[in-house]
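To start, the structure itself, in structure tokens.
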């Protein structure tokens, strides 16, 4: 189709591409609005200055992100189709400034698709990180864990179908036989979908449309690419970060430099640095760093001088 | 403690009261800010009028709710501690204008508490409502469903503990024995909590603090008391509605009259009513309805007259 | 440009069209994402049903809007460039679920553009509506008011420029001469833009980019097309409603029927109708109303029967 | 009144205290919910650990703020009554996650109260900061500016009253006489309040109730205490920061250390520091800094080592 809107070649080439995540999940761009020129355009409305060169646009984007001027980044939107395990969806949904339409298990029957981690991702509880995992299992142990997860997932789906009245018999588990004997004697009609789904564990896949603006995307990606985020959601954040880098490369670079790989010094850390450093020497060191702008160098030097 | 803040006797009497929901869940008020006098106070700032009588306050509240002047209702807050099944939590969380701190299964081990419906709540899929249930099962069928749900829940928790490395052996299921044989031969350390929880089905209970302002509470309660809402979330909405009625009785009454039990006529329905009715006769009928204000009667009559 | 995204011919034809508002204002579509097919698509993810016919799409949209299923409407976005008086901007900004980048009077000098109402819009305070206007002035009075507004606006801008250090002399007001004498004796550098703008009255025009999703657009348009909204913001709402009707005609129709021209009966009004009506007769009347769906007729009849 | 809620002595002592801002403005706490114990309580629900000592509470708060775990801070609320110039209100309102009820100039007549800066605050446009002021005027110039602001404000209010039909004659300006002659010949009824207010400049005071949760308060205070914020809004931010420090001293301290007086190093700055520093020496320096936690020291050292 012909459009007069801002068009982004990378996204056009990748609409419909499934960026695979985990064993059965994916992230796919369904629609988008704008690109980094839209951010620049909005910023220039606020600041009242006209169109500028490409390098000035790049610097403006870096300046905006660095200074926390977040509203121009709200001027772009992206809509994803995602397939993801319920426990990952439960983490994503905490980012409230997004729009979501999720597949409803009240209306429809969920597919038999569940997440089973790769052997190397099955790890013991971390001892120093209360919310993480680290170390490794023996291969035999990891395989046994995988077997339990598989059996649990299959078994739950078997019951799901039995409860929906859609499954008749044959199972390797004797208690499955028992259900069949019970129900199919008496023309069991199945129970409501909204109830039957209660047996499904949180590693089952759900799907949704998830739409977000650029500002909220960047904040989410910072949090969910973090090493403290659960590995499974990080996989989705990585796929979305790849999409970001193709869509808005200068925004991506600025995000890496000022958000993802930045570090916030506390007031006390700044004081410790001030005591330790000879600012003049550091000023010399900075001269060779062409990738730091003049304004940023001045700011950092002033900080260390205590100005 | 002594406070100069607006204090509400009903909530003071009920702080810490667990309003029971389903088999193991509850809603409990932890804290609150303001009561209906706060709503009136905020509305009077906007409209610049001074303090008024109690009956005028009540009418102002009714007027605000009826006219959709929602911002004064944002001026009160309530914070609940809730215990609720994961699938219910997944519905609640769609109300984005609330603040939530949920028990984290990455940090902690979930208790063995799960929701099993009462026999009479176990119903077939509704045939005319794609998202609901209706009709009934035989008692034998309902009991069998309950058995499946129980077995599924217990079984999943058994595996959860096995995966956490906390369970040694003995089970009535032969495959459970197999796990034990495998793992406990070789000092299985358990896997990370964030992974082990993947086996738990969505009828397991979670807990959270859930805080909301008055406006968003009223909107949520309308949606979740609705007959289209799933019965299990309705139980929570009903408990919260009871709390609302004790906390702010005039707001509750206005909510019943203008939101919960109101009905929105479409433009076409209005036209049909206009054709059918003799407005003068209806005007007579209205005279005996003392519970409709003069202003509302005029408005309704004008609507039917097509003014 | 070529795009694989959903494209809307009406908006493509009207990108860059200035929909004039008031004397100098406008609304202009800068960008958009999706159209009503996007709403249908999102709803079908939730409800798990496949692509359907055009008439089913239309009915689905009507159903969603009627039932308050608002999330699918969030799946479309529109971005406007607007020029509007400050007092109107102050009303718009209360719709918090929008993204805004406004022209900043700290960075830039505002243009000399201000809103002067047409003679017929200059009206006395309404006596029965505390927030409105009604009745009329004599032509002479209206002209005098206009003169005051003009003089005030011009005078303020004169001072604005004087304060910015950009204006030298000549004015019909003697005190203007005095300023010049004072300042230009002594090389007055002008004061900061962020201070100088304090003299400007709220009928001065500002500009912004204002971006919103479909759901929040519909809610805003309902409130701001209402007869209780100030006439000046209504003019903007009307322009945006025209754009809506071209962009998503079925959504517009549903919005008219179920939001803009609907009427919400209170519980007490329903009771009064029940007493007055012979439901069977009304059921007959309804038969001839082909524009009310079967489902809606049943619902209304059940309501009136008290089922 | 007696309450079982969390009560904060500082706020109890200061409910109703007007913290003066600018010449006629103020910030006053009207109501609040919770204090820092509420934040700790919510965090402990998420992380599943029990009540701890006071010093552990303080460290938990610092940890939460440092790590960007913002949701527990949403669990407290504060409601302010504020009087502030319109141009300051226009900046505040950009913080969308707050609830607002503003005095309406459609319903009521604004008081004759306007902001006139102190002489030393009347400054030229900054040459290196496009959005700021710096340098100074001569006393004579500053006095003249003040005169213009005063005259503009008085003059506008004079017209406001004339337009409202409330002012009869006598003025030092000849055109004022003209208005009177015109209007009072012919029983001018005044124009609607919503129109008359159009003549008022943005330095006029408005009032509102402004309610916000702790998380959004901290973010707003960071932005509005910043040296790039306009001085007039900074005055309000400072008053609110004082209130914060009395209400939740540990949160205030953490906010100073990790937000207000922190500094975010870009990826490139980190690289420059790595090149410059001898990490072992800096590790020695850090030993004497008792106010930096062990965990933070390790983190910083690891960062500088490039681990």
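Labels for the chains are A, B, C and D, by order of writing; each one numbers its residues from 1.
As a convention for this text, a residue touches a chain if its C-beta (ideal position, glycine included) is under 8 Å from a C-beta of that chain, and two chains touch if they have at least 3 such contacts.
Given the structure is predicted, the values throughout are model-derived calculations rather than measurements.
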Handout entry: Option in C-D, A-C or A-D whose residue-number contact pairs overlap B-D by over half
Key = A-C
Completion exercise
When A-C and B-C are ranked by contacting C-beta pairs, first place goes to A-C
Exercise for the section: Could you say what rotation angle superposes subunit C on its sequence twin subunit D, using C-alpha positions and rounding to the nearest 5°? Expected result: 180
Handout entry: Distance between chain centroids, defined by C-alpha means - subunit A, subunit B (Å)
Key = 29
Handout entry: Where subunit A and subunit C are represented by their mean Cα positions, the distance between them in whole Å
Key = 35
Exercise for the section: Just give me the whole-number Å value for how far the CA centre of subunit B lies from that of subunit C. Expected result: 33
Problem - Sites on subunit B at which at least two other chains make contact - result: 47, 71, 94, 100, 104, 107, 130
Handout entry: Chain contact graph, described as a line, ring, star, complete graph or other shape
Key = complete
Completion exercise
Within the complex, subunit C is touched by subunit D residues 85-87, 90, 93-94, 96-97, 100, 104, 106-107, 115, 117, 122-126, 130-133, 135, 137-138, 140-141, 144-145, 148-149, 151-152, 155-156, 159, 162-164, 173, 175, 179, 182-183, 186, 188-195, 197-203, 230
Problem - subunit A residues within the subunit C interface of the complex - result: 1-7, 12, 15-16, 31-34, 38, 41-43, 45-49, 71-72, 74-75, 77, 79, 81, 99-104, 107-108, 207-209, 211, 213
Exercise for the section: Would you pull the subunit B residues touching subunit C in the complex into a rising list? Expected result: 47, 66-68, 71, 94, 130, 223, 228, 256-258, 261-273, 275-277, 281-282, 285-286, 289, 291-292, 296, 300, 303
